[in-house]
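Have a look at the structure below before the remarks.
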Amino acid sequence: MTLLYFAWLRQVIGSGEEQITLPPGIGDVRGLITHLKGLDAKYAQAFADEGRIRTAVNQHHAALDAPVSDGDEIAFFPPVTGG
Amino acid sequence: MQRIVIQQAPFDLNAEVAALAAGGAAGAVVNFTGHVRAEDGLASLTLEHYPGMTEAEIARMAAEAAARWPLTGITVIHRVGTLKPGDAIVLVAAAAAHRTPAFAACEFLMDYLKTHAPFWKQETRNGETRWAEARASDDAAASRWRKP
Amino acid sequence: MQRIVIQQAPFDLNAEVAALAAGGAAGAVVNFTGHVRAEDGLASLTLEHYPGMTEAEIARMAAEAAARWPLTGITVIHRVGTLKPGDAIVLVAAAAAHRTPAFAACEFLMDYLKTHAPFWKQETRNGETRWAEARASDDAAASRWRKP
Amino acid sequence: MTLLYFAWLRQVIGSGEEQITLPPGIGDVRGLITHLKGLDAKYAQAFADEGRIRTAVNQHHAALDAPVSDGDEIAFFPPVTGG
């Protein structure tokens, strides 16, 4: 699956895009975040306050309980500030 | 009837409004332009976005507006990159035969764009750069369009 | 902060919006442009006005808008003479730090302009010319701004 | 005083502007209209349906009971249709 990071999340993680294989047993956004936080201190820092993170699954805004599967494009970002 | 563009370049309001009014179906074109404010010593603003989702999300908003009001056209142009105080950031235009739906649709599109379109602003002041925080008032503005 | 012009010539939206956004105080510019609709075989529209009172009445409306909302600028340009379908008739623009007062003031100004500014339209169809009738819906729109 | 006529009123009366001396005893818009209707058939026709006429006194919208005096600029016109 493709993971995308924007704004300060991209800066904390140090990359805007990465490819991962979804580990078995992870079925939703919340599970994916928990998995990432366990990988590395930079993910733990980026996702420390989940209230500051928004998610899109395949370019649609998604909640923490939205299903994810391998092949999806998952994006993490702060609340948007355009306009 | 939807025109959605993400670009670095300035936009041409005369051309955009003329395109929406061409043919004589639109009696009313309501345009919102957002500009960089020279607040608190702001030197520049840099906008980043999520290519692909940005266009898709704005297209979904525009389809929702077209379903709610009898519109003859919608144009959204959002700039990205680095902008200075006074520069235009965004154009949202809604055209209709009469003014009431054009005003409502333009305001709806702006409220949704502020809260749903994946753009992020970095503000530079006194040589320091920080990410702009989302405003609670924007969420409140968008929530008034929610159907019961 | 008021700019009120009655002219035959087209107006330049880029220049008008840039003037309202200059200096960086206005984060939001809401523009209404009214256009000649190609309805029922309309060939052309000829606008007449009351020189002197027109400018005075629009200035009174603009002062009222400025008293009601925290605006950084108001521009009203109304064309007179003969116009074709698709042509712009009027520009009403309101600028403010944030979008909510800019939208409200622009809509207020349009509603008052439609019902109070001394302009009259003659419509030409199939070689026949008649005076346009005022619309009850415009009076209703203006009445919602009346203070209790 | 100056009388101004716009739109179809101007066409019915055949002139956009005239100077008159306000006859004694006329103090408001309604009285002025009654006086004009008595002058000539074209005025009687123009002002036949007072519900179709709007008035401005010195470039301010005015009601039928608004006071008028010599030296005023009085304008008569149909409901406005700009914008």
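Here the chain labels run A, B, C and D in written order, and each chain numbers its own residues starting at 1.
To be clear about the criterion, a residue touches a chain if its C-beta (ideal position, glycine included) is under 8 Å from a C-beta of that chain, and two chains touch if they have at least 3 such contacts.
Note that the structure is a prediction, hence the values are computed from the model and not measured.
Once the centre of each chain is set as its mean CA position, chain A and chain D turn out to be 73 Å apart. Centres computed as Cα averages put chain A at a distance of 48 Å from chain C. Rounded to whole angstrom, the centroid-to-centroid distance between chain C and chain D, based on C-alpha atoms, equals 26 Å. Residue positions of chain B with contacts to 2 or more other chains are 34, 110. Not a single residue in chain A touches at least two other chains.
A linear topology is adopted by the chain contact network, the touching chains following one after another without closure. This structure has the following touching chain pairs: A-B, B-C, C-D. Residue ranges of chain C in contact with chain B, taken from their complex: 12-14, 17-18, 21-39, 42, 85-88, 97, 99-100, 102-103, 106-107, 110, 141. Across the interface of their complex, chain D is touched by residues 34, 47-50, 52-53, 56-57, 78, 89-90, 110, 113-122, 131-135 of chain C. Against chain B, in their complex, chain A makes its touches with residues 4, 6-8, 56, 59-61, 75, 77-83.
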